[in-house]
Amino acid sequence: MTDQEKADKIVYKLMYPLDAFSQWMQIDIIKVSPGACEIKAEIRSDMLNGFNVCHGGVTFSLADSAFAFASNSRGVQALSIETSISHSRPVLSGDIITASARELNLSSRLAIYDVVLTNQNNESVAFFKGTVFRTGKQWEV
Amino acid sequence: MTDQEKADKIVYKLMYPLDAFSQWMQIDIIKVSPGACEIKAEIRSDMLNGFNVCHGGVTFSLADSAFAFASNSRGVQALSIETSISHSRPVLSGDIITASARELNLSSRLAIYDVVLTNQNNESVAFFKGTVFRTGKQWEV
Amino acid sequence: MTDQEKADKIVYKLMYPLDAFSQWMQIDIIKVSPGACEIKAEIRSDMLNGFNVCHGGVTFSLADSAFAFASNSRGVQALSIETSISHSRPVLSGDIITASARELNLSSRLAIYDVVLTNQNNESVAFFKGTVFRTGKQWEV
Amino acid sequence: MTDQEKADKIVYKLMYPLDAFSQWMQIDIIKVSPGACEIKAEIRSDMLNGFNVCHGGVTFSLADSAFAFASNSRGVQALSIETSISHSRPVLSGDIITASARELNLSSRLAIYDVVLTNQNNESVAFFKGTVFRTGKQWEV
């Protein structure tokens, strides 16, 4: 099994089908590669807050799912330690948000990722950075 | 109208009833005061991720709602600029999570909050910190 | 040796005397206990930036030293993974800044701290949060 | 005066010569453009901590200076609100660290930057993200 096949199996077969909240968000996995992942989802009216814009937790959740898929795709189970997000533009109902996670650093126990979120006009709406602890436990692929 | 009455009206009447995603989380507002807010919610099976623990985005969202209520309760509309969360303990289905937001600093344009998340055993599960931009626009109470 | 004696020995004998940059800042260690540390320093003219206020890196460094002392005082060598700081008030030359680090969470591999920075008027000037990786290597006390 | 000339004047003439702490770090400004800045410095023995590696506050300070130069180079005075840094590799005495700041987002009141820090072997040593509040006050160029 190649690294790419392993990454695909972990994300498409072992993680996403069991990830109830990512399914609630109806995320669409665009692509996966070892250490990276791109997903998208449409913002629905049940994802809005009292300002009638997308709840910050939903934008964060999209980034967090891309981050989880990217960091686990290497084959070792990885748990989020610390994450942050900066919002740059309001997200509205009907927007199609893409979250693209990229590996900044990989070591045996820790790894760092950033995730850029963009809307359907290719405008950035948020910037996320996160660190995982790599438990050492292998995904059984 | 006292500051307390204003805080109550903003959160209970103007924000929460229009906040579809907070309602999806079925959050229960325990108390509000100017600059502070405590909420709780039960973690349901549709909030879990592929590890069968609560999706990090849901824990974040609870903190983010408490943060939004606390920062808007002063009477000026406040938008999240930057937030971060550190996870300290897994959150499981059936856990009752309390998010308690506290104002660390308030100035005319910016304010800083932290939110501690605890479970039903009073164990901390996550620590959140956030900064808002205060737009200057008043809530019409 | 008690936990308190161990914490004192690590910070006062093994860390601070070898910490050249903390010495450049002329930090004064007020107190240490297992998982906590309070230090202070006076802001000098060579710590200022082009706005004639304290460089943000110096305020951060005070917090980071308190964080390092607190997290190592337990007896296990701890390395900073991720830290953040929010500034709430300008720091001026001649200000006496106290950095007080507190343990929010301790587990076998990871621990979380916050550090509050206050000036001589007991006004908060910055809020810091940090996570360490506990290497497993013991301090030889 | 072009935007590039303005950026150069702000950083080289108005900020750096008055920035005592950046001078203590002996930073070398490699290039400036509107919204971006690259600087470097050599790590000296007086920048180390008790582990005999570069104090995290010094690495942060290099990033923070690049961030301050980049965010002010647009012509409007900008103050740091919130910053975070993730360390990926130890920095040693004698290392030459480059900090490269890039603008992720610019709006009238707020702007977001990231800064990547690399050593002389082009290995990344830390990842920084920061947000500024743009005060509206112009630099007098």
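Descriptive notes on the structure:
Residue numbering begins at 1 within each chain, and the chains themselves are lettered A, B, C and D in the order written.
Just so it is clear, contacts are C-beta pairs under 8 Å (C-beta built on N, C-alpha and C of every residue); 3 or more make two chains touch, one makes a residue touch a chain.
Since the model is a prediction, treat every value here as computed from it, not as a measurement.
Here A-C and C-D were compared by C-beta pairs in contact; the pair with more is C-D. Taking each chain's centre as the mean of its C-alpha atoms, the one that lies farthest from the centre of chain D is B.
Each chain gets one centre point, the mean of its Cα atoms, and the points for chain C and chain D are 22 Å apart. In this assembly, the C-alpha centroid of chain B lies 29 Å from the C-alpha centroid of chain C.
Centre-to-centre, using mean CA coordinates, chain A is 33 Å away from chain C. Counting partner chains per residue, chain D shows two or more touched chains at residues 81-82, 84, 86, 110, 131. Listing the residues of chain A that touch chain D in their complex gives 84, 86, 88-89, 104-105, 107, 110, 112, 114, 124, 127, 129, 131.
Note for the complex: chain A touches chain B at residues 14-22, 24, 45-52, 55-58, 60-62, 64-65, 68, 77, 79-87. Taken in their complex, chain C has these residues touching chain A: 81-82, 84, 109-110, 131, 133.
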